[in-house]
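Shared between the two complexes below is subunit A, which pairs with subunit B and subunit C, respectively.
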Partner chain A sequence: MHALIQGLILGILTGGVYALMASGQTLIFGIMKVVNLAQGAMVILAAYFSYTLFADFGVDPLLAIPLTTAVMFGLGVVIQLVFLRPLKREDSAQLSLLVTFAVALLLEGFMSVTWRTTYRSINTDYANASWTLFGYQFTVVRMIAFVLSLVSLGLLFLLLNRTRFGRAVRATVQNPMSAELLGVESKRVAALGFGLGAATAAAAGSVYGLLYPFNSGSHYDLISELLSIVVLGGMGSVGGAVIAALIVSTSSAVVATMFNPTWSSFTFFVILILVLLIRPQGLFGTVERGAL
Partner chain B sequence: MSSGNRLRRRVLVAATSAAVVILASACAGTASTSTSSSAATSGTPSPTTTAPLVIGASVSLTGDFADSGKAVKAGYELWADEVNKKGGILGRQVQMKIVDDTSSPTQVVTNYQNLITQDKVDLVFGPFSSLLTIPASQVAKRYSYAFIEPAGGGPKVFAQKLDNLFFVQPAPVVKSGDVYADWILSLPKADQPKTAAYAELDDPFSAPIAENIRARFEAAGIQTVYKQVYPAETRDLTAIMSKVAAANPDVLVSGTQSEDAYSQVKSLVQLKFSPKFMFMSNGANSPVEFPSKVGVNNVNGIMSTADWYPGSPAESSPAFVAAYTAKYGGAETDIDPSSAEAFSCGQLLEQVAAKTGKIDNATIISTLHQGTWPTLVGNLSWDAIGQPTGSFSLIQWINQKLTPVFPADVAKAAPVYPKPNWGG
Partner chain C sequence: MNVPALARGGVLTVALLALPLLGLEHWVLNLLIFTLMYAAMSSAWNLVGGFAGYPSLGHAAFFGFGAYFIGLWFQHHDVVSGYEPFVILPLVGLLAALVGAPIGWIAMRTRADVFAIVTITLLFVAQTLAFNLDDLTGGAQGLAMPTPPFELARFEWPFYYAMLWILLLSMALTYLSMRSKVGLSLDTVRADEDKALGIGIHVQGVKVLSFSVSVGLVAMAGGVWAYYETFVYPQFAFDPLITIGMVLMVFLGGRATLWGPILGAVILVPGQQYLAYKLGGSQLYLIAYAAVFLLIMLLMPRGILPTVADRLRRRRAVGTSSDAGPPTAAPPSAGAGSSVPVPSGGTA
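Coming up: the complex of A and B.
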């Protein structure tokens, strides 16, 4: 029983980290119908940025988040302008898979050259700290990550629902052509939206670097998990991604503690397949239009 | 039309002749590079030959094994520099011919094939990793070359049963942890752990090491309270470590690679569980990486194994370290053990030449099969299929420094047990 509850705590807290990583992924899909295979690489890149800031300049990885967020936003906009904008609208959904995969490989190569392939990890004095409560361990970094993802997702929600830009984004998601007819500059929205998705990778990267050792190849495992979360939640739904992230992490943590870690990813895929059989659009996805 | 055809034909002729010229010059190129060494290989090389001794090796300068491959290259080239300063081998200057195999098992075959048949190198050294050593050693076998190799110690390497292969480490990989079982079972019965947990990465270089120790422990009556093999993609080991903590073993034996070792320690610290004894097959033996990943305050008391390590008692170690830091810069702790293993390959050649006065492949193969050979990575000897018959050194983090503690002939401090708590 103790192990089960410890597993649940672990799963829920880790779910926050995954929600943070997957929100950018699903946002980019929602706005542009682009399946961004570079999202994992962008998370790792942000992790390297905060690693360098911490190791060489002593900047705390959490305090570095505003800076890395700005850098990742800029990078996201540039990637959209250089690689994705030239794609023709009709086949951009399929082509974007190849293009973003190429971007992921490009980033991976850049990272292996810059930081080499040895594993890195951001080791602050609180990196391994945990609080004991009723005999259960609450890891400080995971708690911070959980709160951070709630804050980021809250800010994202406000941005999408309470600002002019957010309305433009949602309009573009629902019907790009009508939005354009009503004066929304969909190209600008797409660039900024991709930047926004990349920006969420900044906070995720800091947290990832605090929790796990990483190298340039870490993004492969990461992207497969992020894609599964996004599909389970319903592609384009930020709320769905959060719920799906929690399902993924709690189910795998509980299975790993109660049974066997070999089965934990298997269990998740069983859930994914069952959900897709019953609701092909995912938990919170809509069939025709995007939802945010 | 006809003029068009003629034109096309003329272009074709021009192109073909250009190609012929290029081909011819390319052939001339290879011919001219190989003449210097072919003189040395044709006929039995006698001590009077003064042509350079060319040693070919394929290492991974790009791809998955690039970092380790570069460390191997650094070791080979450092040895060549050092031996040439001493006047070379039997008066012949050593020339390393190192080519990149991009970490690919097919490229490595092409490379050794070219080194032996085109470049006609006198001798070859091995590549990095068991994956590449296996196909490469087959090529060497085909041409009856001695295959002295620093980094292919997996079971499949020895399953080939090659008599020309010599693995330049103290023991095969799967037996590298046996020294830990030797130490634990040498303790007074009252001090020995009663219960053990095993956390093993599902990898041919990790789980079997822990399994060997488990067999020894169980035979000695140490009860297994938890055992888990985890797949390589398990990023978060907290779940497994919380099971370990719940089982509360006296000793935790971890068959680890690198990042999973870091994750295990981080999780155990977070779960506030510190076993009395702790052994990790790999990851914990890296002097710089390990403390930087898990925190310097969390390393003390953890044990691992090594062949060469900073402060190694090997006789040639101080000179090696001085030469390494002079050539490449950095500190002693920055030296990758792979460089020391590569350097040791060369040390073996020097000794064979000194002992026999000859340096051809047949002599090397027959000579190395007898006797014990002191190197940077210990005193080596091999069985008929190239498996080293020695043992690794047991090292422990004491006062945040990796210190050899067992067996007695290498120990610089008494082993510390029980392991201090995290942060201590």
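Coming up: the complex of A and C.
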């Protein structure tokens, strides 16, 4: 029982970070119908940025978040303009998938050249601190990660629901053609939306760097987890992605604490298969249109 | 029967069969083996990714399956004549096809993008399994195969012919499916799956069949590869770059064509080896590879063969009359069934 609850706590705290990463990914899919296989690589790139800022300039990763977010936003817009906008054919969904895979490889290559492939971790002075409450451990870093993720998700929610840009994004997700007829500039929304997805990856990356050691190859593990979350939540549904992230991360944390850490990474795959068998469109997905 | 296509195939077969007799250097043969391997695997990938329009990113999982099957089999069996691994190769293919069928059945409940997601996840899960089941697979230590007891002068020959055999098998299956109802059904599925279902095509059946055959062929290539390398490590047997290689070659040569994947392999494998040789060791190699990949996707999204075939057809059409659609004698190897006819000026 103790292990179960400890696993639940761990899973929920970690789930926030995954929710953040996956919300960017599902947003990009909702807007452009692009499965962004580079999302994991962008997260790791942002983690490296905050690593460098911390190791070389002594900037705390938490303070670095606005900076990395801004940089990654710009990078995201550039990637969309250079690599994704030119694809205009009817099979652009398939092509864009491969293009984002290539972008992921490009980023991986860049990261391995710049930071080499040794594992890095951001060791702040609070990295190993923890609180004990009723016999359960709450590590400070995970608490911070959770709060930060909630704040970022809250900002994303406000942006989507309270601004003109957010309304344009939601309109594009629901029906791109009508949105365009009503004066939404779909090209600009696509570019900015990809930037926004990259920005959430950046915020998540700084937090991820605090939680786990990483190297340039880490994005492979990340991307398969993220994709299962997005599929589970329903492609294009931000709310679904958040809930799916919590489900996936708590169940894998529970498996890790109660059984064996080796098999925890399989939990998400088992969940994915069950989803595909029972409800292929995911928890909150609609078959025809994206939902937000 | 289509005589020119068969003649082309015959010429290629004879030429490739005779090639090792020229007394080539070892490194040339090595390069040829990898070219044949990728040609065979791209041709196999094309069955699912090209014809059915389901871009699988998980084919390397079956490459690794084949590699580990051969690797594990010869932990318990001895290699005497050296040809035993080739003898059980059909078994490897059959098993992979059997394993692939239910996986395809589940994965193909989803459409293109989600399908790609599910298959790439499959690849990472397979890799993790190979790492974690260390009682069976040896984990990160990998598996060592017995050294093939072939004489040095002709060491590469058996591997060369095995890869060639898989390539020819894959091309023959592609050709047969293109000339049959299966190919037509796959064309329809790619163009519009809901309509295909509506006009009574057994959609799920042909999709799973193409997936199953495709992964079976890839697993056989993996088996030969394992024996040639004489070791199997999880990160090399289940390498995302292997999947990417297949995908890239098909896209470069032309999807849903018979010769496109082979053309792609002939261009890219030597190019890749050159890059690895020039930039090897450093990760610049990865950057160069990704850059080539991006260039191909952006400049020639339909691939070489369809683009060239279109040009030729248009030039011919200018000579006779105005645009009359694909003429009756459209060469099946290149244009036919490539993609929905795009009005002129589609690609720049």
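To be clear about the criterion, the second predicted complex is superposed on the first by the 286 of 292 C-alpha atoms of A that agree within 3 Å, B and C clash if a C-alpha of one lies under 4 Å from a C-alpha of the other, contacts with A are read in each partner's own complex, and residues count from 1 in each chain.
The criterion applied here is as follows: a residue touches a chain if its C-beta (ideal position, glycine included) is under 8 Å from a C-beta of that chain, and two chains touch if they have at least 3 such contacts.
The structure presented is a predicted model; accordingly, all values stated were derived computationally and were not measured.
When both complexes are overlaid on chain A, the residue A:14 reaches subunit B alone and has no touch with subunit C.
Between subunit B and subunit C, C touches the greater number of residues of subunit A.
In the superposition on chain A, no contact is made by A:267 with either subunit B or subunit C. In the overlay built on the shared chain, the residue A:2 is in contact with subunit B alone; subunit C does not reach it. Legend: residue contacts after superposition of the two complexes on their common chain; A:175 is shown touching neither subunit B nor subunit C. Of the two partner chains placed around the shared chain by superposition, subunit B is the only one that A:256 touches, whereas subunit C remains out of contact.
When the shared chain is aligned, subunit B comes close enough to touch A:119, but subunit C does not. Shared-chain residue A:94: touches subunit C; no touch with subunit B. By the document's definition of touching, of the two partners only subunit C reaches A:110; subunit B does not. In the superposed model, A:130 makes contact with subunit B only, not with subunit C. Applying the stated touch rule to the two superposed structures, the overlap between the subunit B and subunit C interfaces on subunit A comprises residues 112, 117, 221, 262, 265. Across the complex, subunit A meets subunit B through its residues 2-3, 6-7, 10, 14, 112, 116-119, 121, 123, 125, 127-130, 132, 137, 139, 211-215, 221, 252-253, 256-257, 260-262, 264-265. Interface residues of subunit A facing subunit C in the complex, by the touch rule stated above, are 29, 33, 35, 37, 83, 86-87, 89-91, 93-95, 97-99, 101-103, 105-106, 108-110, 112-113, 117, 216, 220-221, 223-224, 227-228, 230-231, 235, 262-263, 265-266, 269, 272-273, 276-277, 280.
Interface of subunit C with subunit A (complex): residues 53, 55, 57, 106-107, 109-110, 112-114, 116-118, 120-121, 124-125, 128, 132, 240-241, 244, 247-248, 251, 282-291, 293-294, 297-298, 301, 339-340, 342, 346-347. Considering their complex, residues 64, 66-67, 202, 228-231, 233-236, 238-240, 242-243, 246, 258-259, 262-263, 266, 269-272, 289, 292-295, 298, 422 of subunit B touch subunit A.
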